[in-house]
Amino acid sequence: MSKLSEDYTIDELMVVTLARQFTDADIMLNGTVSYIPVSAFMLARETHAPKLTWVAGAVGVDADPGYIVGNTLDPTMWKDCVMYLPQISDMWGYVHSNTLETFCIRGAQIDKYGNVNNSVIGKDYHRPKVRLPGSAGMGDMCSLHKKIYIWSTTHNPRTFVDKVDFLAAPGYLDGGDARAKLGLRNGPEVVVTDLCVMDFEPTSKRMRLKSVHRGVSAKQVQDETGFELVTPDHVLETPAPSVEEIELLRKKIDPKNMRKIEFRGSKTKV
Amino acid sequence: MAAGKENKVMSAAQAVGMIRDGDTVAIQGMGTQMSPLALVREIIKARKRNLIAAMIVGGIGLDWLIAAGCVKKVMAIIVNLDEFGMANAFRRAVEAGELMMEEYTEHQMLTRFSAGCYGLPFMTTQSGIGSAIVDLHPDTTKVIDCPFTGQKVIACRALTPDVCILHAHRADEVGNVQFFPKPIWGDVDVFPRASKKVIVTVEEIVSTDEIRRTPERTGLPYFKVDAVVPVKYGAHPCSLFPRYNFDRQVMERYAAESRTPEGTQAFLEKYVRAPRTQEDYLDLVGGSTMEARIQSFWS
Amino acid sequence: MSKLSEDYTIDELMVVTLARQFTDADIMLNGTVSYIPVSAFMLARETHAPKLTWVAGAVGVDADPGYIVGNTLDPTMWKDCVMYLPQISDMWGYVHSNTLETFCIRGAQIDKYGNVNNSVIGKDYHRPKVRLPGSAGMGDMCSLHKKIYIWSTTHNPRTFVDKVDFLAAPGYLDGGDARAKLGLRNGPEVVVTDLCVMDFEPTSKRMRLKSVHRGVSAKQVQDETGFELVTPDHVLETPAPSVEEIELLRKKIDPKNMRKIEFRGSKTKV
Amino acid sequence: MAAGKENKVMSAAQAVGMIRDGDTVAIQGMGTQMSPLALVREIIKARKRNLIAAMIVGGIGLDWLIAAGCVKKVMAIIVNLDEFGMANAFRRAVEAGELMMEEYTEHQMLTRFSAGCYGLPFMTTQSGIGSAIVDLHPDTTKVIDCPFTGQKVIACRALTPDVCILHAHRADEVGNVQFFPKPIWGDVDVFPRASKKVIVTVEEIVSTDEIRRTPERTGLPYFKVDAVVPVKYGAHPCSLFPRYNFDRQVMERYAAESRTPEGTQAFLEKYVRAPRTQEDYLDLVGGSTMEARIQSFWS
């Protein structure tokens, strides 16, 4: 292991932290505006998980565009792949049958059981206060037995809410065995934000603080969260990236800093 | 009903004449990719009204149509400008109660189209079990029991749009349409096959003999195509893989100007209504400068 | 119209008669061991229906192998096509939605309402007297609203039976409006055999003699049929092929006489 | 469960070790086209028993397996040798009550496999309404009502074979499998994706870099493939479009000799059991003479 980095930024920490979740056995799809997870997949491949498979834009199997050129859903990212996965027959077949088991999502609202909403803000779906873009693949992935990795660049009480206004993507629903009772396997595993890392308490399925990023306190995280987090007595600091990881990310994987696009609207400066 | 084996080459204006007010129109395209935007501009010029837009991802073209007052309802899984942010006309129209958004999970929407392709009244998915999305449209998605195992599945009612509009790489005069490579994305795959009429713009018209040299690239046979419209850069400012990239400059301009209703209308006036022809439009967005800007990463 | 042929054989008459059923608007698929219909499609294209589309082996759209090389389901027949029709999504989609409206079938048993069986002889399906190859695409096509053209090279009471032992491919079922009541549109149109041409009486949907081939009498046809045919007072002779049609068939379309394979087991010598 | 990214190249004998007695085996192939016949011969040599063969078209390979006593049940739409006539071992075995034939319409069978691909308990078709075929297997096809329109549709229960065996053009060592052109026939398309394990024989092994040059030709990704077996002329005596034709001489010989049980067994002894290796087999069927005989019409 190389030396720890001392000058990393939050976007970089998020990428590295997410990358470390994945192993050689993982096959990762990505959707739109997903610079952080895509950077994480590419980084994991370059470091501890050389056999990890990234299906670029859910199309290009084992693609290798060299670096993040632009838009994560664009064919530019399919370069040097071994296969173009036809979406309906192949991609959705592999997802639906759970041959592909993992997915990363984010959203405008995330609640204490890992339910996610990117459709509307407000209680009337048909006359919303804010019309958001829509659920895209989240509603699919969360109901089709995926292990879900949630990322968010806006850890604040507007995003982390007690209950989502609209239940687009089912996490653990009302907690406990509610998800399993519906026949849904897996569910949210980890939440990586601009402040901390969280997981889910195994019995209640409530979101739980796991580690705080350098310079952030557990109290700050709680203050920026719209519900009571399960918080252990001793909260660790999120492990720092290595110099090697940071170099790879800055120089090889995302030299155009596309990942920073995701911090538009975030209080966190990157 | 199969389309005939006749010369179907026509202008965009002629082709758009096939669309009637109130039609359900399947519009190919992702946020910034492979969308028939020359046809979309023509629909706006022809002042079509009360259209139902059926898409997977609604992008810039849908936002233009909404801003121009052509659309009463959207069926889609997401509407935005991809990395360029919100589709503001869409957002404002829904928030004002002027536009209905019928949201689906991606696999529900694809399954509705697939059932349409087969002429089946419905097909099945499990996507959306546990999500409130399935409750939004009881007339088109319904949880039923498997007659063999008792497991819950979602019946998705067939969607058969009146017209499909799409942009492809090339076609012959009778409408054998080729893609490089063959359709990968779900919309290109099922939208035309599920629709009653199909209008295709293509970068170029080639001979049928040329088509016969690479039959593995043909995605639509002539008997499923009603109009062939040659339009160079027909997807601009979206991309046509692997031929050209999306035009970041025009996308950013629209994203910025569409923040206000006035800016949106000014953009439409300048870039959609004012150019008389596709050549005018291409000159306006930069001509050869534009060509250099969108040069493919793949070439 | 060119002169009438005087030296035509029954296989040739069957091909020409079948060819004349089709028009420029038809899109014709073919299955296995279908030399007679494939010859007919190719002949129709060369004569009165140049825009007829033949989808070779249900894959090669508008194929042009030049002549019948071999096996009608073999990729050799796809040559110079404009598209390979992927079977599940495209071919079955177009068939199921009735974009493609016509199909030719044959079978070991054909009954008076045009129901066809190629599965078993004998009343016990699971312990048959004769196990035949199976229904292949017939069961699909006959229940999916196709206009059905039946051909048979063995017009005898074993093939033309009062009631099929196993109802694999529904024609008009028990006749009358039985088929329509099930929601099935179209159905059998014409039957071309080695003795005659038949169609279906519009109300009862019973098989009806339309014309007899040169040298065959209506009585002979009835004697070789296992049920009572609807027979008009005046039965015409099947129109003879033209010299041009016979030349095209012999010299261009099927110079290897592959169509004669279909007369193995037929009393008719060709 | 996805297969790993490791070297999966092995011998036919090793690969066939993945098949257990009693397994449901999806066997690619039409009457005379694109069937993994080297693997079929290996299954016979390994004396597998009580297999359930799932096919669309059962051809010469299935007839060999039946004659060798490996199969207890067939699921298919037709079993014959195409223009070479009846599959006699099949016919005799069914007539003797020794083999069960579970017959489907083609689209019912494909829909069962498609549901298997999606992990859905069932999918829908209308193929077979009015046919007695749908009544043959109430446990796997059932007429139900559309919950939206009341129309009759047939629910087809998912089929997920234990193992799929197929022959393709080429693959890399980890199992990215290419076809020229990409899968067209239904069996090549859905059989492997619906199956729990996939064994592929290929004409040649190439590098992953070579695969990357033509990703549009890859039909199966490594994560769906469990064994890669290089076998030259692995489909013989069937064809591999566009590389070689079926071998009319061997097909005719089998059609003739299989008219009696004794002739069938003699053929099996000589052509299946006696050759120790694929090279022995190829020599036996004529070596370079055979190569000339099956030269592709396309080349």
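A, B, C and D are the chain letters, set down in written order, and residue numbers restart from 1 in every chain.
Operating definition for what follows: a residue touches a chain if its C-beta (ideal position, glycine included) is under 8 Å from a C-beta of that chain, and two chains touch if they have at least 3 such contacts.
Being a predicted model, the structure only gives us computed values, none of them experimental.
Participant: When every step has to jump to a touching chain, what is the lowest number of steps that links chain B to chain D?
Facilitator: 1
Participant: Please state whether B-C or C-D has more C-beta contact pairs across its interface.
Facilitator: The comparison resolves to C-D.
Participant: CA centre of chain A versus CA centre of chain D: separation in Å?
Facilitator: The mean C-alpha positions of chain A and chain D differ by 41 Å.
Participant: Taking each chain's centre as the mean of its CA atoms, how far is chain A from chain B in angstrom?
Facilitator: 29
Participant: By the touch rule stated above, which residues of chain D touch at least two different other chains?
Facilitator: 118-120, 125-126, 151, 181, 189, 215-216
Participant: Mark out which residues of chain C touch at least two other chains, giving numbers and ranges.
Facilitator: Correct list: 84-85, 88-89, 92, 96.
Participant: Can you check the complex and tell me which residues of chain D touch chain B?
Facilitator: 115, 118-126, 139-140, 142, 144, 146-149, 151, 153, 155, 157, 181-182, 215-216
Participant: Show which residues of chain A lie in contact with chain D when the two form their complex.
Facilitator: Touching chain D: residues 24-25, 27, 51, 53, 60-61, 78, 80-85, 89-90, 92-94, 96-101 of chain A.
Participant: Over in the complex, which chain B residues touch chain C? Could you list them?
Facilitator: Result: residues 1-2, 4-5, 116-120, 172, 176, 189, 193, 208, 211-212, 215-216, 218-219, 221-224 of chain B touch chain C.
Participant: Within their complex, state which residues of chain B touch chain A.
Facilitator: So the residues of chain B in touch with chain A come to 30-33, 57, 76-80, 82-83, 85-87, 90-91, 94-95, 97, 100-101, 103, 105-108, 110, 114, 125-133, 136, 151-152, 181, 183-186, 189-190, 239, 241-242, 245-246, 248, 297-298.
Participant: Applying the document's contact rule, which stretches of chain A touch chain B when the two form their complex?
Facilitator: 32-33, 59, 65, 69-76, 78-79, 84-88, 92, 95-96, 119, 125-131, 133-137, 139-140, 142-144, 166-170, 173, 179, 182-184, 261, 264
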